[in-house]
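What follows is a set of notes on a single structure, which appears directly below.
Order as written gives the chain letters A, B and C; numbering starts at 1 within each chain.
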Amino acid sequence: MTTEAVQLSERRLGKFGDKYFAGRPQQVLLRNWISFKSSAWIAVVSGFLEPVLYLLSFGYGIGELVGSIATPGGEISYAAYIAPGLLATSAMNGAMLDSTWNVFFKLNESRLYNAMLATSLGPLDVALGEIAWALMRGGIYATAFTVIVAALGLVTTWWALLAIPAAIIVAFGFASFGMAITSYMKSHHQMNFFYIFLLPMFLFSGAFYPLTVFPGWGQAIIKALPLRQGIELVTRAMSGEFGIHILVNISYFMVMICVGLFFTTKRLNALFMK
Amino acid sequence: MSEPLIHARGLTKTYGDFVAVDGIDFDVAKGESFGFLGPNGAGKSSTMRIIGATSVRTSGTLTILGKDPEVNGPQIRAHLGVVPQQDNLDVELTVSENIFIYGRYFGLSSSFINKKIPELLEFAQLEEKKDVKVQALSGGMKRRLTIARSLVSEPDILMLDEPTTGLDPQARHILWDRLFRLKEQGVTLLITTHYMDEAEQLCDRLIVMDKGKIMAENSPAQLIKDYSTKEVLEVRFGSDRNQEMVEVLRPLAERIEVLPDRILLYAEDGEQLLESIAAKGIHPNTSLVRRSSLEDVFLRLTGRTLVE
Amino acid sequence: MSNSIRKVSSFGTLHVAEARIRNMAKWAFIILFAAVINPTLYLVSIGIGVGSLIDANNGVEGVSYLTFLAPALLASAAIQGSSDEVIFPTMAGFKWERTFFGMRSTPLTARQISLGIFLAAMVRTIVSVVIYWIVLYLFGALESDTAWLAMPAALFAGAAMAAVMLALAAKIEKEDFFFTIVGRFIMIPMFLFSGTFYPLSQMPVFLQFFGWISPLWHATELGRYLTYDYPLPGIQIFIHIAVLATMMLVGLFLSARVFDNRLEK
């Protein structure tokens, strides 16, 4: 008997990753879309609110106490100063949530991935589909945030639109890394370790103040952290003053994405096939 | 006979130090209906997951349609319809969305699936619930949907892990009937169950598993013939006296099994045995003569009852 | 009511609280660890990082930014801790593990269950607040002799918020997005717009309204009055206390009712 399903899967034999990949990650996206359409979308849509609230509260409230900030590009308002950091941070948080807790939940609690993998989908379809969904969501949040930042008059150049792809790169880096680490997690208690790492990174990566308040060695450590790299990347993209340094930030994330995807793929069996 | 559809040798699965499936061998032929019978923790579901190419075996060889699930997982799964022991429906979606997206996972076209949906809803008797979120279904309804969903890709191997748990007697019989028809169409069935009647009804051949090992393998009728007598006499004396009666009864029956609440006496003719007991002046509180079943086979093989 | 029944009824609350606290004790290490690490991180990062920008500018209310921020962070930690500690057990009790239904089949009343959960959350909050206060003290963020009174003030805010969240968590039957909604629409806005990081008067008037209904703002005002020479007229002190007390009593009253309704069903 050769059914449609069988023909389709046979057609992929000998092609890239036929062991793990059916070439259909878009079906995982479709599933998320169907689920999203009928869900309490207010909870999803409002996801971009958090950085906006921080921007309003800190930018204008603390901004009044701080005055303007001197940057290489000249004096800017405190709100304009923190906007890219908030965008990078929310890209990180969203990506981490999607690639760690949500993956863990769908794997162990709702067993959604069990159902997907009982079909002719491969683990790589699932991983790519989930990452793509997270990035699309992150991209939409980033766009909303950037539009608000622009509407508040905090950007001065059309280059600021580049903040959107920059935020997506940041999200991609964290999502692929998060998934790789999740593949090593055995219980949901271990998942809390992410947060022990994420909170200090958020507080010290200089989203709210220049790193110069720290001693030199402290700055060096912080600059090696992914969130700091993300903040620099988004800041440079949003201001339109990239310089050669933006290549360092981008390379950092390319490495992070590749390493993350490498380990995720390597551990796919461990991740999805207990 | 041509090459078997499923071919396993020394199939082993360990979780850490624990051996869940312990080097089992079996073959399943095309169009056959093959059963796994065994108590909780025997390793039935673990074996099913390995065959379903969703769990990696620790050692041994396994081919399905001549392919190794570790190498050709997606290709093998394209042939399978899987009903896991625990429903893994997409609780965020409605009944028909569940069938739809499941078909999409196989890469089937929307038009194909949409033609299929009414048929499967009818199969699951869920026409009225088609736009209801799965969360709001009863346990039995979810079970029926899981079974219907597994058929969307028109699989030629259907794997059912305790398909009828949670179904009411009517739904069970309807399901048996449908499975029978699928079998007639040439679908190979793999079934695990705790229910003797189900195994006897549905399986051409079955293996009895315990603690990861195969205890016996044959058709249900042959297993009963090999491991039990034709009839069984069940007697009860009340929990205090059961034990002291055992020694008195032992010489009278071919074989005797003592359960906490009753004594099973194996004989070709149960009524005759009962009479000979009465002739000795022994009068149990209750007595019952029945045909031997797979339950007795299991008791013989493992010294334990299947349903505790 | 006779005296002995009264005794039994108050013990019931204690039994529920005791069960909760025993459960928390399993997580004692994590709770204590978080209680120490959280304030330290926030103080170093916001207090010193952002503080250095503000102090270099014109400062705020004539004190260091750290001093200004300290009582607000203290109250905020109390509110966060006490809310978590009522929301999760309530969700578990009604929905995930349904333990409340088990308790209800003993002589415990619905009101005792709700009060017991509340009481246990307060015990945990006391621990967090004391630790937080010590960290603040070590950072030199507390200036006045009455600074220790900032602890009961923060605890009071925690109690007011916990009472309200207890009623809310018990009322919600579908928890799907409850945590997201609570976080996004209640906790974060409260944290950001309650005069925590700058005087409430700096916000546009329509936003100040948010501060007035926020237990965090009321506790922060009291805390500032107690930890440095922040001028606060007696009538305002009275209003802050009255608002917090009202929230707590109304919250507890509503919780008892909601618990009663759900457990009698």
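The rule is simple: a residue touches a chain if its C-beta (ideal position, glycine included) is under 8 Å from a C-beta of that chain, and two chains touch if they have at least 3 such contacts.
Computed from a prediction, not measured in an experiment: that's the story for all the values here.
Participant: If each chain is a dot and touching chains are joined, what shape do you get: line, ring, star, complete or other?
Facilitator: Line.
Participant: Looking at every pair of chains, which two share the most C-beta contact pairs?
Facilitator: After tallying contacts for each pair, the winner is A-B.
Participant: What is the distance, in whole Å, between the centres of subunit A and subunit C, each centre taken as the mean of its C-alpha atoms?
Facilitator: The answer is 32 Å.
Participant: Counting only Cα atoms for the centres, state how far subunit A is from subunit B in Å.
Facilitator: The separation of the two C-alpha centroids amounts to 45 Å.
Participant: How many Å are there between the centre of subunit B and the centre of subunit C, using C-alpha atoms for each centre?
Facilitator: Between these chains, centre-to-centre, one finds 54 Å.
Participant: Quick one: which residues in subunit A touch 2 or more of the other chains?
Facilitator: 39
Participant: Could you list the positions in subunit B whose residues touch two or more of the other chains?
Facilitator: none
Participant: Counting only residues that touch at least two other chains, what does the list for subunit C look like?
Facilitator: Residues of subunit C touching two or more partner chains: there are none.
Participant: Inside the complex, what are the residues of subunit C that reach subunit A?
Facilitator: Residues of subunit C touching subunit A: 30, 38, 41-42, 44-46, 48-50, 52-54, 57-60, 65, 176-177, 180-181, 184-185, 188-189, 192-193, 197-198, 202-203.
Participant: Within the complex, which stretch of subunit B touches subunit A?
Facilitator: 52, 54-56, 70-75, 77-80, 82, 84, 86, 88-94, 97, 100-102, 104-109, 112, 133, 153-156, 186
Participant: Subunit B touches which residues of subunit A in the complex?
Facilitator: 1, 3-6, 8-10, 12-13, 18-22, 24, 27, 30-31, 34-35, 38-39, 110-112, 114-122, 269, 273-274
Participant: Which subunit A residues qualify as touching subunit C in the complex?
Facilitator: Answer in residue numbers: 39-40, 42-43, 46-47, 49-50, 53-54, 56-58, 61-62, 64-67, 69, 78, 192, 199-200, 203-204, 206, 208-210, 213.
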